[in-house]
């Protein structure tokens, strides 16, 4: 990134960018309004997008690590035949906020660990990421406290920032991004445009009302496995799994087989799973090492504080989704506060 | 880059009964070689039913000829495998996990403690002792099961018992009236009083139900073993076997990837375990 | 060899069987595997058992019913209870919460001819092998149960809450976003979140999930303004007799 790799654009230029993606065989997904919420959905026009969105229900992970995904088809004969079936197409995810960009970086790092999840890798390789600096923050946002926003410096092919009404700074994050942008003949950005962005970021930073302090919690929380906060919070927790389903870094999944009615053919399915569900940790003969709701809630919170098996790959990026979608108003920043002796 | 979720084909060559609910399946791969460490496991696929994590119970040196899986019938996958006959095909992914600390164990006295079907994961280690006796110090095998019928590998117990500078101590929780039993009665920790192994230059290697391992660890600690001399093979729900799906986590540890063998000190600060 | 199947109905609305009739769409595949020997709704050609599988709809509410379900059990290797009435007593069991004679007076002009009792799930009287919750259970669950029966394995039935399926479809959250009385967080999934998919709250027809936090759910419903009477009705509706809901349903 730098001034050499930055342009300015108006809304119709962004439309041209979308058209360029389509011309190159990409399907474009972007944030659109759904009732009172937003979702990443297929779009063809820039006007379908709501560039003022706060957060989508499901994070962009739904396009890279789908909620349900056939990993192979199989046929049963004398033995079996397996047919790999990870379904990959070229997509652009347009308008991802900085916190979600950071989440995708974490998923990338996680799934590329040996042995690589080849389906994830294949999807990721054919995905272009267009970041969007937030236009505003709301009372559930706290990326600023975690250093995962509101400014993105990595994790995108192109980054768009609205610097004044209908006028955008378009920064390049990769050669792929540059190749596409070059075809648009956009004017190069000038220092004043970067200055405008800097001011916008400053303004964003000053508008956060929610703060979180997770510093050192990965160790601290594990020293407080017996803290009463776990049990107390679990009294409210519904174990509905919303928190982990909407979390942009929660990757846990189930694998199961589904046979068709001939009982000779079927599919193995990878499906998003949640550690909040009773069945998640059940072992043979019904044993369960996280049978108590408080254990499951604690496990998820430890995970978000970076103290579970996902380590920092699954630690919180401050998007606020789990807080918005918790029917019991459980707020991990409040729990962090209590654990830190607040 | 190969897809780690795709199972390889293996043919069941033979099946032998171990206990009323455990059978050992001797399998051979249709393609290529298979290498593993004692204590590692595989994901066994019954396509259409699902997958289960199963410890390998044979010795790595035999792997070019056969691999053995001792399976307890507990659910859909294992129940379906039990219905198979020699010649049937199953799917295998793996081997996965770290296995027993073979380098660390070299030259040391080994106290091998097994409970129930946990003995399956310990057998490759025991076979290694038998084949490379000079590599280890004194070796004592303590093995407990619910009843005499539930002891696995009975046909090998004589050989295990004759290990030079070693012993096999058996125990059961209860004895059905019609069964003759000349060994110990009680949980496996009641055998600890009969061991000659002292903590110095020794390792304890344990596999069994977690509650049994819990008591074994307590016994060993009070005998003077240090937390990092005690190795435990853990069991948790596993779906992927490759550190991705999340199910097998014990706190910050993945059983499938960081384990299944951990030292007691590795786990001591982790939540959600009986140990 | 094809499995011999009998389909039976007790106190219920036949809705589960209607859902089962949708099996038609899958009939060619299915008929290779099973033979419906006794299903009066589908065919007047009825063959007496024994059956490999009995599929039973409805709760038990008459003395004759008790004998009949016991006979069915004796004549069947596997018994699948379909629908909330068979599994919990279902909607008819709402009357269990009032006096029997009051309920009878409400409905019948001459209740003295009735031989009716309180409604109970069929497992009050016989062992049930597979429980398919729902009003009605989704056909996919029924097919899953039948496939599993052929393979002699446990079917994969979702015990987790509807919220999970709602997220699969990325539905807006009716409870948190709209403050509507959605029973999703305590209700077992399997329906495919069909009500939230069209913007309607989950009514709880799949009954309790594997371990619902009923106490907290009651609090959530109070927060959005439901009276205790409203809440009691919500829990009473489909599975009021279930172990988890009984206490709230009695309120």
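Just a few scattered comments:
Chains: A, B and C, in written order; residue numbering restarts at 1 for each.
The rule we apply is simple: a residue touches a chain if its C-beta (ideal position, glycine included) is under 8 Å from a C-beta of that chain, and two chains touch if they have at least 3 such contacts.
In this text the structure is predicted, and so the values were computed from the model without any measurement.
Among the remaining chains, the Cα-based centre furthest from that of subunit C is the centre of B.
For chain pairs B-C and A-C, the one joined by more C-beta pairs in contact is A-C.
Between the Cα centres of subunit A and subunit B there is a gap of 39 Å. With each centre defined as the average position of its C-alpha atoms, the distance from subunit B to subunit C rounds to 43 Å. Subunit A and subunit C have centres, each the mean of its CA atoms, that are 37 Å apart. Shared interface positions of subunit A, i.e. residues touching 2 or more other chains, are given as 256, 259, 263. Of all residues in subunit B, those that touch two or more other chains are 48-49, 75.
Each of the following residues of subunit C touches two or more other chains: 151. Note for the complex: subunit C touches subunit B at residues 151-154.
Against subunit C, in their complex, subunit B makes its touches with residues 48-49, 75-76, 79-80, 83. Interface of subunit C with subunit A (complex): residues 26, 29-30, 32-33, 143, 147, 150-151, 156, 159-161, 163-164, 167-168, 170-173, 175-178, 184-186, 199, 210-213, 215-217, 219-220.
Note for the complex: subunit A touches subunit C at residues 34-37, 39, 57-58, 62, 67-68, 235-242, 245-246, 256, 259-263, 272, 274, 277-279, 293, 324-328.
Subunit A contributes residues 71-72, 74, 76, 78-80, 82, 84, 86, 110-111, 113, 115-119, 121, 222, 225, 251-257, 259, 263, 266, 268, 270, 273, 275, 280-285, 289-290, 295, 298-299, 302, 307-311 to its touches with subunit B in the complex.
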